[in-house]
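Just so it is clear, A, B, C, D, E and F label the chains in written order, and each chain counts residues from 1 on its own.
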Amino acid sequence: MPIIHVYMWKGISQESVNKVISGITNVFVEMNIPAQAVHIIVHEDPKAHWGIDGKPATESRPNVEPT
Amino acid sequence: MPIIHVYMWKGISQESVNKVISGITNVFVEMNIPAQAVHIIVHEDPKAHWGIDGKPATESRPNVEPT
Amino acid sequence: MPIIHVYMWKGISQESVNKVISGITNVFVEMNIPAQAVHIIVHEDPKAHWGIDGKPATESRPNVEPT
Amino acid sequence: MPIIHVYMWKGISQESVNKVISGITNVFVEMNIPAQAVHIIVHEDPKAHWGIDGKPATESRPNVEPT
Amino acid sequence: MPIIHVYMWKGISQESVNKVISGITNVFVEMNIPAQAVHIIVHEDPKAHWGIDGKPATESRPNVEPT
Amino acid sequence: MPIIHVYMWKGISQESVNKVISGITNVFVEMNIPAQAVHIIVHEDPKAHWGIDGKPATESRPNVEPT
(Lines give C-alpha, C1' and ligand atoms only; values in the text may rest on other atoms or scores of the structure.)
Protein backbone atom coordinates (compact mmCIF):
# COMPACT_ATOMS: atom_id res chain seq x y z
CA MET A 1 0.00 0.00 0.00
CA PRO A 2 -0.21 2.26 -1.96
CA ILE A 3 -0.35 0.80 -5.47
CA ILE A 4 0.02 3.25 -8.35
CA HIS A 5 -0.62 2.65 -12.05
CA VAL A 6 0.85 5.30 -14.34
CA TYR A 7 -0.22 5.38 -18.00
CA MET A 8 1.96 7.27 -20.47
CA TRP A 9 2.56 7.41 -24.20
CA LYS A 10 4.91 4.74 -25.51
CA GLY A 11 8.44 5.97 -26.05
CA ILE A 12 9.37 7.11 -22.56
CA SER A 13 13.06 6.68 -21.73
CA GLN A 14 14.26 4.53 -18.82
CA GLU A 15 15.70 7.68 -17.26
CA SER A 16 12.19 9.21 -17.26
CA VAL A 17 10.69 5.99 -15.84
CA ASN A 18 13.23 6.14 -13.02
CA LYS A 19 12.29 9.77 -12.27
CA VAL A 20 8.58 8.87 -12.22
CA ILE A 21 9.24 5.97 -9.83
CA SER A 22 11.53 7.87 -7.45
CA GLY A 23 9.44 11.05 -7.57
CA ILE A 24 6.11 9.38 -6.84
CA THR A 25 7.66 7.20 -4.14
CA ASN A 26 9.00 10.33 -2.43
CA VAL A 27 5.50 11.84 -2.32
CA PHE A 28 4.44 8.95 -0.11
CA VAL A 29 7.66 8.81 1.91
CA GLU A 30 7.01 12.43 2.89
CA MET A 31 3.66 11.20 4.23
CA ASN A 32 5.58 8.69 6.39
CA ILE A 33 4.81 5.68 4.22
CA PRO A 34 7.94 3.49 3.85
CA ALA A 35 9.42 3.41 0.32
CA GLN A 36 9.32 -0.38 0.25
CA ALA A 37 5.52 -0.29 0.60
CA VAL A 38 5.07 1.84 -2.51
CA HIS A 39 4.42 -0.19 -5.67
CA ILE A 40 4.32 1.61 -9.01
CA ILE A 41 3.74 0.25 -12.51
CA VAL A 42 4.56 2.54 -15.43
CA HIS A 43 2.49 1.39 -18.40
CA GLU A 44 3.21 2.51 -21.94
CA ASP A 45 0.45 2.75 -24.53
CA PRO A 46 0.95 3.93 -28.13
CA LYS A 47 -0.06 7.53 -28.74
CA ALA A 48 -2.27 6.21 -31.56
CA HIS A 49 -4.30 4.20 -29.01
CA TRP A 50 -4.86 7.15 -26.76
CA GLY A 51 -8.03 9.09 -27.48
CA ILE A 52 -8.48 12.79 -26.72
CA ASP A 53 -11.11 15.00 -28.31
CA GLY A 54 -12.65 12.06 -30.18
CA LYS A 55 -9.47 11.23 -32.10
CA PRO A 56 -6.21 9.41 -31.40
CA ALA A 57 -3.63 11.76 -29.86
CA THR A 58 -1.51 11.31 -32.98
CA GLU A 59 -4.15 13.47 -34.67
CA SER A 60 -5.46 15.67 -31.85
CA ARG A 61 -2.04 16.31 -30.28
CA PRO A 62 0.30 15.91 -33.29
CA ASN A 63 3.04 18.17 -31.97
CA VAL A 64 3.41 16.73 -28.48
CA GLU A 65 6.19 14.16 -28.12
CA PRO A 66 6.26 11.31 -25.61
CA THR A 67 8.49 12.32 -22.68
CA MET B 1 -13.39 13.41 -16.80
CA PRO B 2 -14.38 10.80 -17.83
CA ILE B 3 -11.43 8.44 -18.22
CA ILE B 4 -12.06 5.19 -20.07
CA HIS B 5 -9.84 2.14 -20.29
CA VAL B 6 -10.76 -0.30 -23.06
CA TYR B 7 -9.19 -3.77 -23.08
CA MET B 8 -9.29 -5.76 -26.32
CA TRP B 9 -7.48 -8.68 -27.93
CA LYS B 10 -4.21 -7.79 -29.60
CA GLY B 11 -4.50 -7.39 -33.35
CA ILE B 12 -7.06 -4.61 -33.60
CA SER B 13 -6.57 -2.33 -36.62
CA GLN B 14 -5.97 1.41 -36.26
CA GLU B 15 -9.24 1.97 -38.12
CA SER B 16 -11.06 0.01 -35.40
CA VAL B 17 -9.21 1.92 -32.67
CA ASN B 18 -10.37 5.16 -34.28
CA LYS B 19 -13.97 3.93 -34.30
CA VAL B 20 -13.77 2.94 -30.64
CA ILE B 21 -12.36 6.36 -29.72
CA SER B 22 -14.84 8.42 -31.75
CA GLY B 23 -17.81 6.22 -30.85
CA ILE B 24 -17.20 6.25 -27.10
CA THR B 25 -16.44 9.98 -27.11
CA ASN B 26 -19.77 10.60 -28.83
CA VAL B 27 -21.63 8.74 -26.07
CA PHE B 28 -20.40 11.37 -23.61
CA VAL B 29 -20.81 14.31 -25.98
CA GLU B 30 -24.49 13.39 -26.23
CA MET B 31 -24.56 13.73 -22.43
CA ASN B 32 -23.21 17.29 -22.83
CA ILE B 33 -19.66 16.44 -21.80
CA PRO B 34 -17.15 18.22 -24.09
CA ALA B 35 -15.13 15.90 -26.36
CA GLN B 36 -11.86 17.36 -25.14
CA ALA B 37 -12.66 16.17 -21.61
CA VAL B 38 -13.00 12.54 -22.68
CA HIS B 39 -9.80 10.51 -22.31
CA ILE B 40 -9.71 6.96 -23.67
CA ILE B 41 -6.92 4.40 -23.66
CA VAL B 42 -7.32 1.35 -25.89
CA HIS B 43 -5.17 -1.42 -24.45
CA GLU B 44 -4.30 -4.54 -26.41
CA ASP B 45 -3.62 -7.84 -24.66
CA PRO B 46 -2.79 -11.11 -26.44
CA LYS B 47 -5.72 -13.50 -26.77
CA ALA B 48 -3.50 -16.11 -25.11
CA HIS B 49 -3.32 -13.95 -21.95
CA TRP B 50 -7.06 -13.53 -21.72
CA GLY B 51 -8.82 -16.14 -19.62
CA ILE B 52 -12.43 -17.19 -20.14
CA ASP B 53 -13.92 -20.42 -18.84
CA GLY B 54 -10.69 -21.32 -17.03
CA LYS B 55 -8.57 -21.36 -20.19
CA PRO B 56 -6.89 -18.80 -22.44
CA ALA B 57 -9.31 -17.52 -25.09
CA THR B 58 -7.07 -19.11 -27.73
CA GLU B 59 -8.48 -22.40 -26.44
CA SER B 60 -11.95 -21.48 -25.15
CA ARG B 61 -12.76 -19.13 -28.06
CA PRO B 62 -10.60 -20.57 -30.89
CA ASN B 63 -12.82 -19.35 -33.73
CA VAL B 64 -13.26 -15.74 -32.68
CA GLU B 65 -10.85 -13.32 -34.34
CA PRO B 66 -9.62 -10.02 -32.86
CA THR B 67 -11.60 -7.17 -34.41
CA MET C 1 -14.01 -9.28 -24.81
CA PRO C 2 -13.92 -6.28 -24.75
CA ILE C 3 -13.77 -5.14 -21.12
CA ILE C 4 -14.29 -1.44 -20.46
CA HIS C 5 -13.67 0.48 -17.25
CA VAL C 6 -15.29 3.92 -17.15
CA TYR C 7 -14.27 6.36 -14.41
CA MET C 8 -16.56 9.31 -13.68
CA TRP C 9 -17.23 11.77 -10.88
CA LYS C 10 -19.49 10.48 -8.14
CA GLY C 11 -23.07 11.61 -8.46
CA ILE C 12 -23.99 10.23 -11.87
CA SER C 13 -27.65 9.20 -12.18
CA GLN C 14 -28.71 5.64 -13.01
CA GLU C 15 -30.24 7.00 -16.20
CA SER C 16 -26.82 8.31 -17.24
CA VAL C 17 -25.17 5.02 -16.28
CA ASN C 18 -27.66 3.23 -18.52
CA LYS C 19 -26.85 5.57 -21.42
CA VAL C 20 -23.13 4.98 -20.96
CA ILE C 21 -23.63 1.20 -20.92
CA SER C 22 -25.95 1.06 -23.93
CA GLY C 23 -24.00 3.67 -25.91
CA ILE C 24 -20.59 2.04 -25.44
CA THR C 25 -22.01 -1.42 -26.11
CA ASN C 26 -23.44 -0.16 -29.40
CA VAL C 27 -20.01 1.07 -30.50
CA PHE C 28 -18.79 -2.52 -30.38
CA VAL C 29 -21.99 -4.04 -31.79
CA GLU C 30 -21.46 -1.86 -34.87
CA MET C 31 -18.05 -3.53 -35.17
CA ASN C 32 -19.83 -6.92 -35.21
CA ILE C 33 -18.97 -7.81 -31.62
CA PRO C 34 -22.02 -9.38 -29.89
CA ALA C 35 -23.54 -7.26 -27.09
CA GLN C 36 -23.31 -10.11 -24.64
CA ALA C 37 -19.50 -10.11 -25.02
CA VAL C 38 -19.18 -6.46 -23.97
CA HIS C 39 -18.49 -5.98 -20.26
CA ILE C 40 -18.52 -2.46 -18.84
CA ILE C 41 -17.94 -1.24 -15.30
CA VAL C 42 -18.90 2.35 -14.50
CA HIS C 43 -16.83 3.44 -11.50
CA GLU C 44 -17.65 6.54 -9.49
CA ASP C 45 -14.94 8.50 -7.69
CA PRO C 46 -15.54 11.67 -5.66
CA LYS C 47 -14.68 14.87 -7.51
CA ALA C 48 -12.46 15.74 -4.52
CA HIS C 49 -10.32 12.65 -5.23
CA TRP C 50 -9.82 13.49 -8.86
CA GLY C 51 -6.74 15.59 -9.59
CA ILE C 52 -6.45 17.96 -12.53
CA ASP C 53 -3.95 20.78 -12.77
CA GLY C 54 -2.32 19.77 -9.48
CA LYS C 55 -5.48 20.22 -7.43
CA PRO C 56 -8.66 18.25 -6.74
CA ALA C 57 -11.30 18.96 -9.39
CA THR C 58 -13.45 20.52 -6.67
CA GLU C 59 -10.93 23.38 -6.78
CA SER C 60 -9.67 23.32 -10.38
CA ARG C 61 -13.09 22.67 -11.95
CA PRO C 62 -15.46 24.19 -9.35
CA ASN C 63 -18.26 24.99 -11.78
CA VAL C 64 -18.51 21.63 -13.54
CA GLU C 65 -21.19 19.32 -12.14
CA PRO C 66 -21.11 15.51 -12.25
CA THR C 67 -23.34 14.32 -15.10
CA MET D 1 -1.44 12.29 -20.67
CA PRO D 2 -0.33 10.98 -18.20
CA ILE D 3 -3.20 9.29 -16.36
CA ILE D 4 -2.46 8.01 -12.86
CA HIS D 5 -4.58 5.71 -10.71
CA VAL D 6 -3.58 5.65 -7.03
CA TYR D 7 -5.02 2.93 -4.78
CA MET D 8 -4.88 3.47 -1.01
CA TRP D 9 -6.59 2.19 2.12
CA LYS D 10 -9.92 3.82 2.89
CA GLY D 11 -9.69 6.53 5.51
CA ILE D 12 -7.25 8.92 3.89
CA SER D 13 -7.88 12.60 4.76
CA GLN D 14 -8.64 15.22 2.10
CA GLU D 15 -5.40 16.94 3.13
CA SER D 16 -3.48 13.79 2.25
CA VAL D 17 -5.37 13.42 -1.04
CA ASN D 18 -4.36 16.99 -1.89
CA LYS D 19 -0.71 16.22 -1.14
CA VAL D 20 -0.83 13.10 -3.32
CA ILE D 21 -2.36 15.09 -6.18
CA SER D 22 0.00 18.06 -5.98
CA GLY D 23 3.06 15.92 -5.31
CA ILE D 24 2.51 13.52 -8.20
CA THR D 25 1.60 16.36 -10.55
CA ASN D 26 4.88 18.08 -9.68
CA VAL D 27 6.85 14.96 -10.65
CA PHE D 28 5.54 15.35 -14.20
CA VAL D 29 5.79 19.15 -14.26
CA GLU D 30 9.52 18.74 -13.54
CA MET D 31 9.64 16.60 -16.68
CA ASN D 32 8.13 19.53 -18.62
CA ILE D 33 4.63 18.07 -18.82
CA PRO D 34 2.02 20.79 -18.15
CA ALA D 35 0.06 20.38 -14.89
CA GLN D 36 -3.24 20.59 -16.72
CA ALA D 37 -2.35 17.46 -18.70
CA VAL D 38 -1.86 15.35 -15.55
CA HIS D 39 -4.98 13.43 -14.49
CA ILE D 40 -4.94 11.56 -11.18
CA ILE D 41 -7.63 9.49 -9.52
CA VAL D 42 -7.13 8.58 -5.86
CA HIS D 43 -9.15 5.44 -5.16
CA GLU D 44 -9.92 4.26 -1.65
CA ASP D 45 -10.44 0.59 -0.87
CA PRO D 46 -11.17 -0.83 2.59
CA LYS D 47 -8.13 -2.32 4.33
CA ALA D 48 -10.21 -5.50 4.75
CA HIS D 49 -10.43 -5.85 0.95
CA TRP D 50 -6.72 -5.52 0.43
CA GLY D 51 -4.82 -8.80 0.46
CA ILE D 52 -1.19 -9.13 1.50
CA ASP D 53 0.46 -12.38 2.54
CA GLY D 54 -2.70 -14.36 1.77
CA LYS D 55 -4.87 -12.44 4.24
CA PRO D 56 -6.68 -9.12 4.37
CA ALA D 57 -4.37 -6.33 5.55
CA THR D 58 -6.57 -5.97 8.65
CA GLU D 59 -5.01 -9.29 9.73
CA SER D 60 -1.57 -9.24 8.09
CA ARG D 61 -0.88 -5.55 8.83
CA PRO D 62 -3.02 -4.94 11.95
CA ASN D 63 -0.89 -2.11 13.33
CA VAL D 64 -0.60 0.02 10.20
CA GLU D 65 -3.14 2.84 9.98
CA PRO D 66 -4.48 4.38 6.77
CA THR D 67 -2.63 7.63 6.11
CA MET E 1 4.81 -8.65 -7.83
CA PRO E 2 2.21 -9.77 -8.81
CA ILE E 3 -0.53 -7.18 -8.31
CA ILE E 4 -4.10 -8.36 -8.80
CA HIS E 5 -7.26 -6.26 -9.09
CA VAL E 6 -10.49 -8.21 -8.64
CA TYR E 7 -13.79 -6.54 -9.59
CA MET E 8 -17.00 -8.03 -8.19
CA TRP E 9 -20.59 -6.98 -7.59
CA LYS E 10 -21.14 -5.03 -4.39
CA GLY E 11 -22.49 -7.14 -1.57
CA ILE E 12 -19.74 -9.74 -1.19
CA SER E 13 -19.22 -10.97 2.38
CA GLN E 14 -15.91 -10.59 4.20
CA GLU E 15 -15.74 -14.39 4.34
CA SER E 16 -15.87 -14.47 0.53
CA VAL E 17 -13.26 -11.70 0.28
CA ASN E 18 -10.97 -13.77 2.51
CA LYS E 19 -11.45 -16.83 0.27
CA VAL E 20 -10.65 -14.77 -2.83
CA ILE E 21 -7.49 -13.40 -1.21
CA SER E 22 -6.21 -16.71 0.16
CA GLY E 23 -7.20 -18.66 -2.96
CA ILE E 24 -5.55 -16.32 -5.44
CA THR E 25 -2.45 -15.99 -3.27
CA ASN E 26 -2.12 -19.79 -3.23
CA VAL E 27 -2.15 -19.90 -7.03
CA PHE E 28 1.05 -17.85 -7.02
CA VAL E 29 2.60 -19.60 -4.02
CA GLU E 30 2.32 -22.87 -5.98
CA MET E 31 4.37 -21.12 -8.68
CA ASN E 32 7.05 -20.44 -6.03
CA ILE E 33 6.18 -16.77 -5.57
CA PRO E 34 6.23 -15.86 -1.85
CA ALA E 35 2.82 -15.00 -0.35
CA GLN E 36 4.10 -11.68 0.97
CA ALA E 37 4.83 -10.55 -2.60
CA VAL E 38 1.23 -11.07 -3.73
CA HIS E 39 -0.91 -7.94 -3.51
CA ILE E 40 -4.64 -8.21 -4.18
CA ILE E 41 -7.34 -5.55 -4.13
CA VAL E 42 -10.96 -6.74 -4.14
CA HIS E 43 -13.07 -3.91 -5.57
CA GLU E 44 -16.84 -3.85 -5.22
CA ASP E 45 -19.03 -2.13 -7.81
CA PRO E 46 -22.84 -1.97 -7.70
CA LYS E 47 -24.56 -4.49 -9.96
CA ALA E 48 -26.44 -1.52 -11.45
CA HIS E 49 -23.14 -0.01 -12.65
CA TRP E 50 -22.01 -3.20 -14.34
CA GLY E 51 -23.01 -3.48 -17.99
CA ILE E 52 -23.57 -6.79 -19.77
CA ASP E 53 -25.52 -7.18 -22.99
CA GLY E 54 -26.03 -3.41 -23.28
CA LYS E 55 -27.86 -3.10 -19.97
CA PRO E 56 -26.97 -2.95 -16.29
CA ALA E 57 -26.67 -6.45 -14.80
CA THR E 58 -29.65 -5.64 -12.58
CA GLU E 59 -31.69 -5.94 -15.79
CA SER E 60 -29.70 -8.42 -17.90
CA ARG E 61 -28.85 -10.76 -15.00
CA PRO E 62 -31.78 -10.14 -12.59
CA ASN E 63 -31.65 -13.55 -10.93
CA VAL E 64 -27.95 -13.72 -10.13
CA GLU E 65 -27.03 -12.64 -6.61
CA PRO E 66 -23.69 -11.13 -5.55
CA THR E 67 -21.59 -13.87 -3.95
CA MET F 1 -18.57 -11.11 -13.19
CA PRO F 2 -15.94 -11.25 -11.75
CA ILE F 3 -13.30 -9.46 -13.82
CA ILE F 4 -9.68 -9.91 -12.75
CA HIS F 5 -6.64 -7.98 -13.92
CA VAL F 6 -3.31 -9.64 -13.08
CA TYR F 7 -0.10 -7.61 -13.45
CA MET F 8 3.20 -9.52 -13.61
CA TRP F 9 6.75 -8.96 -14.81
CA LYS F 10 7.26 -9.49 -18.51
CA GLY F 11 8.73 -12.86 -19.38
CA ILE F 12 6.10 -15.20 -17.95
CA SER F 13 5.69 -18.45 -19.91
CA GLN F 14 2.39 -19.45 -21.50
CA GLU F 15 2.37 -22.47 -19.18
CA SER F 16 2.44 -20.10 -16.20
CA VAL F 17 -0.27 -17.91 -17.74
CA ASN F 18 -2.44 -21.01 -18.11
CA LYS F 19 -1.86 -21.92 -14.44
CA VAL F 20 -2.79 -18.40 -13.35
CA ILE F 21 -5.99 -18.50 -15.43
CA SER F 22 -7.12 -21.97 -14.35
CA GLY F 23 -6.08 -21.45 -10.72
CA ILE F 24 -7.86 -18.13 -10.27
CA THR F 25 -10.96 -19.38 -12.11
CA ASN F 26 -11.12 -22.33 -9.71
CA VAL F 27 -11.14 -19.99 -6.72
CA PHE F 28 -14.43 -18.57 -8.00
CA VAL F 29 -15.86 -21.89 -9.16
CA GLU F 30 -15.48 -23.13 -5.57
CA MET F 31 -17.65 -20.15 -4.58
CA ASN F 32 -20.31 -21.43 -7.03
CA ILE F 33 -19.58 -18.85 -9.73
CA PRO F 34 -19.61 -20.53 -13.18
CA ALA F 35 -16.21 -20.69 -14.93
CA GLN F 36 -17.60 -19.04 -18.04
CA ALA F 37 -18.44 -15.92 -15.99
CA VAL F 38 -14.84 -15.45 -14.84
CA HIS F 39 -12.81 -13.09 -17.05
CA ILE F 40 -9.09 -12.73 -16.41
CA ILE F 41 -6.50 -10.60 -18.19
CA VAL F 42 -2.85 -11.35 -17.48
CA HIS F 43 -0.87 -8.19 -18.22
CA GLU F 44 2.90 -8.20 -18.58
CA ASP F 45 4.97 -5.14 -17.73
CA PRO F 46 8.77 -4.95 -17.95
CA LYS F 47 10.55 -5.37 -14.63
CA ALA F 48 12.31 -2.07 -15.42
CA HIS F 49 8.93 -0.28 -15.39
CA TRP F 50 7.91 -1.69 -12.05
CA GLY F 51 8.86 0.46 -9.08
CA ILE F 52 9.52 -0.91 -5.60
CA ASP F 53 11.44 0.93 -2.91
CA GLY F 54 11.80 4.03 -5.08
CA LYS F 55 13.67 2.22 -7.86
CA PRO F 56 12.82 -0.04 -10.78
CA ALA F 57 12.69 -3.69 -9.69
CA THR F 58 15.67 -4.38 -11.94
CA GLU F 59 17.66 -2.48 -9.31
CA SER F 60 15.74 -3.11 -6.08
CA ARG F 61 15.04 -6.80 -6.81
CA PRO F 62 17.97 -7.73 -9.10
CA ASN F 63 18.02 -11.42 -8.21
CA VAL F 64 14.34 -12.21 -8.63
CA GLU F 65 13.42 -13.66 -12.01
CA PRO F 66 10.05 -13.31 -13.76
CA THR F 67 8.07 -16.53 -13.23
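Note that in this section a residue touches a chain if its C-beta (ideal position, glycine included) is under 8 Å from a C-beta of that chain, and two chains touch if they have at least 3 such contacts.
The model shown is predicted, which means the values in this text are computed figures rather than measured ones.
J.: Enumerate, in label order, the chains that touch chain C and chain E alike.
T.: For chain C paired with chain E, the chains in contact with each are D, F, in label order.
J.: Using each chain's Cα centroid, which is most distant from the centroid of chain A?
T.: E
J.: Where does the D-E interface recur among C-E, A-D or A-E, taking recurrence as more than half of the contact pairs being identical by residue number?
T.: Among C-E, A-D or A-E, the interface that shares over half of its contact pairs with D-E is C-E.
J.: Counting only C-alpha atoms to place each centre, which chain is farthest from chain C?
T.: F
J.: Between chain F and chain B, is it the same set of residue numbers doing the touching on each side, over half shared, or a different set?
T.: The interface is built from different residue numbers on each side, given that under half of them are used by both copies.
J.: Can you give the whole-Å distance between the Cα centres of chain C and chain D?
T.: From the centre of chain C to the centre of chain D is 20 Å.
J.: Taking each chain's centre as its mean C-alpha position, how far apart are chain B and chain D in Å?
T.: 26
J.: Listing for chain E: what residues touch at least two other chains?
T.: Within chain E, residues 3, 7, 20, 24, 26, 39, 41, 50, 52 contact more than one other chain.
J.: If every chain is a node and each touching pair gets an edge, what shape is that graph: line, ring, star, complete or other?
T.: other
J.: What's the complete list of touching chain pairs for this entry?
T.: The set of touching chain pairs is A-B, A-D, A-E, A-F, B-C, B-D, B-F, C-D, C-E, C-F, D-E, E-F.
J.: Under the touch definition given earlier, write down the residues of chain A that touch chain B in their complex.
T.: These residues of chain A touch chain B: 7, 45, 48-56.
J.: Considering only the defined contacts, which chain B positions touch chain C in the complex?
T.: So the residues of chain B touching chain C come out as 1-9, 16, 19-20, 23-24, 26-28, 30-33, 50, 52, 57, 61, 64, 67.
J.: Give the list of chain A residues in touch with chain F in this complex.
T.: Interface residues on chain A, with respect to chain F: 14, 17-18, 20-22, 24-26, 29, 35-36, 38-44.
J.: Inside the complex, what are the residues of chain A that reach chain E?
T.: Against chain E, chain A makes touches at 3, 39, 41.
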